[in-house]
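I've put the structures underneath this note.
There are two complexes below, and they share chain A, which is joined by chain B in the first and by chain C in the second.
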Partner chain A sequence: MDQPHKWVLAEAIHSMYQAPLYHLILEVLLVIWILRLLFSKSYRIQDRVPLTKSEKEALVLDWTPEPLVPPLDKTLSEAVPYRAVNGQPGKNVEVDGRLCLNMASLNFLGLLGNLRIEKQATQSIKKYGVGSCGPRAFYGTVDVHVELEEKLAKFIKSERAIIYSYGFASIASAIPAYAKRGDIIFADEGVCFAIQKGLQASRSKIVYFKHNDMRDLEEKLKHQEQLDKKDSKKASVTRKFMVVEGLYMNSGQICDLPKLVELKYKYKVRLFVEESLSFGVLGEHGRGITEHFNIPIGKVDMISGSLEYALASSGGFCCGRAYVIDHQRLSGQGYVFSASLPPFLATAAMEALDIMHENADMLKELKYKGRKMQQLLNGIPGIELVGYPDSPAFHLRRKDPVSFKEDLQFLQDIVNKCSKNDLCLTIAGRLKDEELNSNWPPSIRVAVTVKISDEELERAANIIRDATV
Partner chain B sequence: MHTGTTNQVANPNTVVWNSPGIWITYLLTTGFMHLILLSMPWFTTSVSWTLTNVLHGVCMYFFLHTIKGTPFETSDQGKYRYSTHWEQIDSGTQFTAARKFFMTTPIVLYILASFYSMYDFTHFVVNTLVLLLSLLPKLPQLHGVRIFGINKY
Partner chain C sequence: MNAAAQNGELNRNGANEIYHKGGSTKRKFQESFEPTPLYAAIVTYVNYAVVTLFGFLRDFLRKHGFEKLYAATEDPEMKDFVPLYASFESFYTRNIYNRIQDIFNRPICSVPGATINIVERKFSHSGWTSKYTGKTLKNVVNLGSYNYLGFAENEGTCSEAAIESAKKYGVGVCSSRQEMGNLDIHTKLEQTMADYLGVEACITFGMGYATNSTNIPCLVNKGCLILSDGLNHASLVLGCRLSRATIRVFKHNDMEDLERKLSDGVVYGQPRTQRPWKKILIIVEGVYSMEGSIVNLPGVLALKKKYKAYLYLDEAHSIGALGDHGRGVTEYFGIHASEVDIMMGTFTKSFGAAGGYIAGNRALVEHLRAHSHSACYATSMSPPVCQQILTSLSIISGTEEGRNRIKQLAKSCKIFRQGLKKLGFIVYGNDDSPVVPVLFYSPCKLGAFSREMLKRGFAVVGVGFPATPIVESRVRFCMSAALTDKQIQDALSACSDLSSLLNLNYSKAK
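Let's look at the complex of A and B:
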């Protein structure tokens, strides 16, 4: 309409009489629709899925119940060929009825089955019973827990220690206690499964650097520094962490701690070191990677370790500054939401710590044995030895890898042949579909114990050498 | 707002449209919008009525049939994540009072707009299209249906 004019009711009513027929029909239909609407009954749409009788019967006929337990043959064939272990795995272990030399357990100091530890643990059971019956903050703290924490802190020369009831849970809880969404974690791509789970739980941005490649790490830190300069407001609220292992579970290598500490101060990143394997192995007194490189423990922000390998007990711990570690008492999920370590295991760990402290020679011997075994195994055709020379745990890989499956079979054959000659080895277990680096080469992880004599080492080396031919 | 406590429903979206307060607020808002449009001197009465209908229809389509999920922190594990607001009303029960009311209002508005635009053809086309926009998605037959996968996620 070009010219706005006043609207008059009469005019409108008049236009109604002249309204086109389709319009009126539509309006009448709409009015009927409203009336129908007002009188229609309400119903739930979920209830109006019509199924005819024949359809129902077809559904019933279609359904074949799955057995509660799948047929045994199928489960057996799909599962890893398990081997039955009898008794306590110490220096020797009974596998499938044969007494074998045990080079599969990470029992570096030979403390499994140690009589002194057993006696203390038995006494502790008589005093406290078997379980602590609650999380640490909920009636689960027993004096030995506090004692063990103090002892660990004193031993490792840090301000405070905190113990977890499961070694896996300690680092997996410690990382997400500090790193949150929006933070950045620089992690080695070879880190073990526990760390991977911790990284995942932190929901931070994870930057993986090449395994033990400090140059790659520095590049990534530099790149991040440039990004931070561009967006300094965001950088001021972003925490940055580096997560490495002292002695890598997956490769037997040690991390380059001096360089890491240097990078830490240069790029202002917090440094977490996972010492599950290196605690009780590296260093003059077994304090781990920091003692190995003679670096004061204060330079590392947090150290996490396990009581399950060298100390032959159960559980894990974290060490560091008091205000850093005490944060975990309310934020470490594994600490807060899990029953505390059974008191007798804490006593056992303390006793093991004492034994380790009293016999510092054990550590020298362990390094000597590790080095010797590596020398003995060096140069076997078709096999590549991976690991730090002093490390008692190292890996045997296929020298010319073909494919993951074939390499695995190749190594499995070696393990099988060795067990026929009374040597117990194992392939380093990895959850292929769940772990980060799914094309990480398969390997046999050889673990040396101080209890194994030189002659036995030579015999074991010969068995492995024969098995590869 | 954190819901899911004992004296509250899991998802307030399912009950909010039942309250008479919301109905009155809705009617007042629509009426107020119409009055504002009517007060603008460069719109004729016909245009302002059609505009009211169009704005009402588009807003209704946007708020009831486009936006999905709920703004509340519910404890239903994301059950309503992919449901439009209309589908959430009364937890999907059809032809409840709230649904009847909000299906009736666009039709009444359409009839009013038709009357005030004096059954002009252009206005008819615009008003009818807008009416379809707000009526069709409300049909029980289209409950949970995403034509061509539009607005599916």
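Let's look at the complex of A and C:
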């Protein structure tokens, strides 16, 4: 109805005429102020002050970046020069002009230079050439890859295996395939660098526990369980993983797998074991740490291994149940975006696997020799031996550490003296500034190969003993 | 192509500019990226909608037990654990990828040369189960492997030399470069590669992917700025992330966007503190394998000099394939190799081997020798692989045969591209790139094309989401110097048949 409308409007206009002047002026000013605030640009102090073109050019001219890399003489003075190996490395190796006994290469089963492997590799090159010329998805899958995967899975008694073309890339690609931002990973603080890169790439929350300390791990798991109880909704979508190594590259210790499996089921945390060093070394047939502790392999969610040490080839693998491993065929970055393993290296690995399978007493002999060497080197004054007693790879550290630099020099002197007596050792390579644990003490990593005789072991131990004086 | 098609409307990123080349010819730098035709986009969306609907239906049937579940399941003992995969995460894999998975992962049982023997597989239950039929498809023409110069050979000088080196050095090394893995053949390879590229020094690694992911963190760290091309490879992206530097992405091959970001970087510094960046690193590739485009190297170099940035050039697909002597994208543009700070490449594509390298001045290489993650922790390259590279390098750089291979590759690229364009396909990229991506947009056509080509005796590579944008599925042909002219003509006539059968001639340019 029109009447109330008009009546209100008329009233308003009438009241305007009747209002005092100051009131009207104040109202008009208020309206103008509101309009101004509505239409003016907001001003923040942090906003960039627009610079003129010449000011920008002056800034560009002024800026001096750091050099891309440090100057050459600085790099050369700080770096340890590479040792020149001539010809084929094996039980003996020609280093810097001298023929030495090789206790530096991780050639545990002595398969470097094996004639059977060489013959198979040669035949493979005659059939497939050298490179595979493509990633697995695009005609880079050769039948030998499929065969090697089946063979590995059968040998290790797991359902599925997947091959990578580089040992470093296997665990570094596997971890980020499952663990994403928002997940939690419990990792041993002594894990090797490849695992550290995998952990970094995953963007998950990493909780480190003391090296090989199951009590510390359980404490941290309990703590997480309490946090989960407070926020159960978040906890129901947060995946939890534990990452350990079978035989630690950095200390030669083995992990406590039975306790880890117990913790896995108690706290509902998935278990990944990295077996680069322990595959082909531990266990009655070389199946790794699960065989060593007699634990069915299905209890471990994923095992990641390397074809580069005991099997003396190239590449890496992961094995586990089909439910877990098949995911990596589309999500493992190092698998999808990289060319596949050259076929002859897959053939070499298969032959090495056959040799290992046929000669199971090699494993016993390897453990015996590892134990013997450790016993021979035990008790050298000033030297501390670190490692699982049966392990063929163990570390020698300075007993009373002084400082990183001096300890490293002390160990380097030992290595040099041994070289002069035709024994080849190596300092365990570490990028101190890049590692998680930069205080990890420097060490000499001794690697025993099954091909060394008992007399050679004794001779080597004497050379090392003399070198420490 | 007519003049109107060359300018403006068809060229998205590429412009018709003329560069002086190092050789005698002044060639046009011509790239084309024809925009997606509207009806193709609509058809593709409809395809995805239908497949998605069926996907929901099938997921529902599987969940309630109406349809048999073929996928692997979680261990019954672990049913209380937090699920390993989010249920929607693998929707695409279960319902779309699975249906066309027979076009991927085809196993071969021969050398990946000009023709291959493919092991036949049969897929059933919408792609859930597969088995080997026992048959082998013989002599399928290989248009998918990265065999640019045809060095994937099992006979001839390369393989004989590789066999000799296997006898001399063995197959494995069992040690890292810094420990006991530095063999004389590695030093020889590095010296030869440095001489070939025309730089001071070079360092090699066992895996091309790891070359990027383990070395970029040695060059830049927190407080540095990385300007990375939008279409960079996953290994470069991972290397940048692991370095902890700040990453800013510029539009693919777009010099204006790059300049804007460089200018902002230098002028305004780090985001909150306004402190200047320690270093700025521009990361580009020589040839982008999904787009077939070549980097605008003169443009990038001009900007690099102006803003004092460093340039990292990934020549995975361009080394051996571009340039009169196969020296890569620097030779293609007539630029001296020393102008690029870090030249990286892989040996997988043009040399028929495996592994990667980084080359540059001696200070750079010595720094990487001491600090590279790969040199310290990963085992060094296998000796027969080194020998394969050495032999193929000596053929490429010194002999008539090498020159012929490079010429043959350039000729094949030209013939094939022009042939496809005449047939009406939309072909992306630069006329000189050895990678020829042809756009099909719909993943269904991708599957059909790949299967039909296999029936006619051609092996092609189809790429879809997530390697490409969701509506831009494509088939990527890789040219090879080993392919004969007849094989290329046969491939073109097969494509012509399929173009009419599957309605693939989208191009409006005629």
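Everything below uses one rule, namely that the second predicted complex is superposed on the first by the 393 of 469 C-alpha atoms of A that agree within 3 Å, B and C clash if a C-alpha of one lies under 4 Å from a C-alpha of the other, contacts with A are read in each partner's own complex, and residues count from 1 in each chain.
Here is the rule we use: a residue touches a chain if its C-beta (ideal position, glycine included) is under 8 Å from a C-beta of that chain, and two chains touch if they have at least 3 such contacts.
Remember, it's a predicted structure, so these values are computed and weren't measured experimentally.
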Partner chain(s) touched by A:V469 [first = chain B, second = chain C, both, neither]: neither
First (chain B), second (chain C), both or neither touched by A:L21: neither
Touching partner for A:C133 - first (chain B), second (chain C), both, neither: second
First (chain B), second (chain C), both or neither touched by A:A12: first
Partner with the higher number of touched chain A residues, chain C or chain B: C
First, second, both or neither for A:K41, with chain B first and chain C second: first
Intersection of chain A interface sets (partners chain B, chain C): none
Chain A contact footprint on chain B (complex, rising order): 41-42, 44-47, 90-96, 99-100, 103-104, 107-108, 110-111, 114-116, 118-119, 121, 124, 128, 140, 143-144
Touch list for chain C against partner chain A, complex: 72-75, 77-78, 80-86, 93, 97, 104-113, 116, 118-119, 142, 144-147, 151-155, 158-159, 162-163, 166-184, 187, 206-210, 213-214, 217, 219, 233-235, 238, 241-242, 263, 266-268, 276-280, 306-310, 341-342, 346-349, 351-354, 362-364, 366-367, 369-371, 373-374, 376-379, 382, 384-385, 388, 459, 461
Residues of chain A that touch chain B when the two form their complex: 1, 4-5, 7, 11-12, 15-16, 18-20, 23, 26-27, 30-31, 33-34, 37-38, 40-46
Of all residues in chain A, those that touch chain C in their complex: 48, 51, 56, 59-60, 63-66, 68-72, 75-76, 78-80, 82-90, 93, 95, 102, 104-107, 111-114, 117-118, 121-122, 125-134, 136-143, 145-146, 165-169, 172, 178, 192-194, 197, 200-201, 235-240, 265, 268, 270, 298, 308-309, 311-314, 321-324, 326-327, 329-330, 333-334, 336-339, 341-342, 344-345, 348, 424, 426, 429-431, 434
